[in-house]
């Protein structure tokens, strides 16, 4: 029950404080993640160039780094932003999209993971790849269940001193010792591109208002999962789901959070 | 009344002539601005590479330059396009997204502003930054009311011989002497990413059919604001607003324009 | 009748096999095409960097190359991916967006077309430009009817040993000898950006399950056209069309395909 009270408190805090969330993310989802951050009450900005990225991180309340459509120039920007985030103690989230699919992707994710992200958020295949396990992957979609990666997630979190969030049918968040499971969500969400990227962006917003990274990540995932369920109830397919999801993030109220969040 | 008659005339002209609007804009909003331009009746294209940008500007009826996700290669493309626009007398719009947030952004916006844009369209913080005033900003969202930037907007317009449009709760358009205010719009629009970018894109389309840049900008902002109001009436949140907005731009008719545009 | 039975069989195969479709496409439509591929049942990924593109093509079941927002770095990535596709016999689709509008665009499209795409999918102006005919174009929209390009399409297909699909009011697919026409579609689809790009992406998904490229392309275009018709029946404008289109791609059933596909 305390767990669920916290979900509402963090959502309320995001809406009241409208934290500036700096995103270096992929081309596919920039629009969605910006809209999801706005819908939840945060103030998103997408800034990637070497020339300005550190300066921008320094004025932000959280940083989200997503390697979905990486290239060397962008990775340079990511490095500078991460460096600035550590210096200024801005919490940051790593989304290792497609880690395991190519050597470049795995190497970049692994390198960035060493720079003290507050949270690493990925699907099971991505988490296995960052953990150094030979995880097969199919492009950017996971070929493993969340559960299959839990040992690796726990060990990765302990080794790097970070929090690892594995999303799937059930989402799991661990710092190596604690483990929170979130059962909200709907299968149709997997038919909309960038839902994982949106999860990572929302984790960033919640980190800006909640310093316990396990709680911040779990709450963000619960809010997204619940908004997805509410959206799915009104949707005929993935097109309408995406629209209703933004509406649900914007209108989600305390009673619904208390009645429907499933976290343990 | 004459002001409002002109709104409809310009919208009708955009629909009839379908001007080719060349956009160099940011990754976040490309899809939205292309769709808004199509919905209003224009023919959008996004072209940014040094290798072709000048050639493309030369066949266009308007150019829109938006620095939302700038980097050196893109700024080079912007410079070449602006140069071609001036040579061919293609009217162009500058959207100085996030000017004031970083030195790189402020410097780029200030440099481009000196190259005779027909219209500079920004929020109050951005306009203050381009005008050289120490305007605090929060990422890409304004921390000032439109009204707080009106003196700076007027002076900037006079100094550069351009038109400045400051958007916010009320939108203002000035050439340093004339000042037109547009009261259309809805608060929910600020919860959809890139609404300001869409405003700039529509200003481009209207400049292609109306040479008086004060009128072109004010009319475009009135059409967008009115479409936003119509959309908000049917929307439960920012997701549905975005969808209904495109529908409203597409279906907006003379009677609605005459009944509901509020311009002074 | 046999033609139409095949449409359903291929759609069913895409849903069952969920082929990984590697896209190197433009910034404007990445989100739409990823969502359309997910809605139809495929597994999309957008990967463009020289550092990983060949490795990614090698694990994919189809490759889609779209030059909508090209630049030299991206063209290098396209070349490497196309090379890998040929080596691994991964079928690939070329979408020569805006060919004819600038020399850079025409040259890039013409060069890529020589590397054995399974299908070239464009509007009439683009196909004329790739065929080397002096086709006037207006930005990225066609200034010709599909019919006006049929001779060029046939000759281009024969000369390159490929299949050419020209989309417009009626879509035509030819390998230089056979010619299949698809009459599905709706005028409102042209008011949504990237509908042609979505067509090319779906052709990629269908090539992954059907080796006869004429049939694969015609079936993909029929599915998209039919989904567009179904969407248009429920839409007030281009905003709602885009949403309903994704829902329709996701829910399209055998009875509707059999009743409404118009292919000859």
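Details
Order of writing sets the labels: A, B and C. Residues in every chain begin at 1.
The criterion applied here is as follows: a residue touches a chain if its C-beta (ideal position, glycine included) is under 8 Å from a C-beta of that chain, and two chains touch if they have at least 3 such contacts.
Treat the numbers as computed from the prediction; the structure is a model and nothing was measured.
Comparing the residue numbers each copy contributes, subunit A and subunit B share less than half of them at their mutual interface. Copies subunit B and subunit C of the same sequence differ by a rotation of 120 degrees once their CA atoms are superposed, given in steps of 5. Each chain gets a centre from the mean of its Cα atoms; for subunit A and subunit B, those two points are 32 Å apart. Shared contact sites, meaning residues of subunit A that touch two or more other chains, fall at 27, 31, 242-243. Within the complex, the subunit A residues that touch subunit B are 20, 22, 27, 30-31, 34-35, 38-39, 43-52, 55-56, 59-60, 73, 242-251.
Of all residues in subunit C, those touching subunit B in their complex are 26-29, 31-32, 68-72, 98, 101-105, 138-141, 191-194, 235-240, 242-243.
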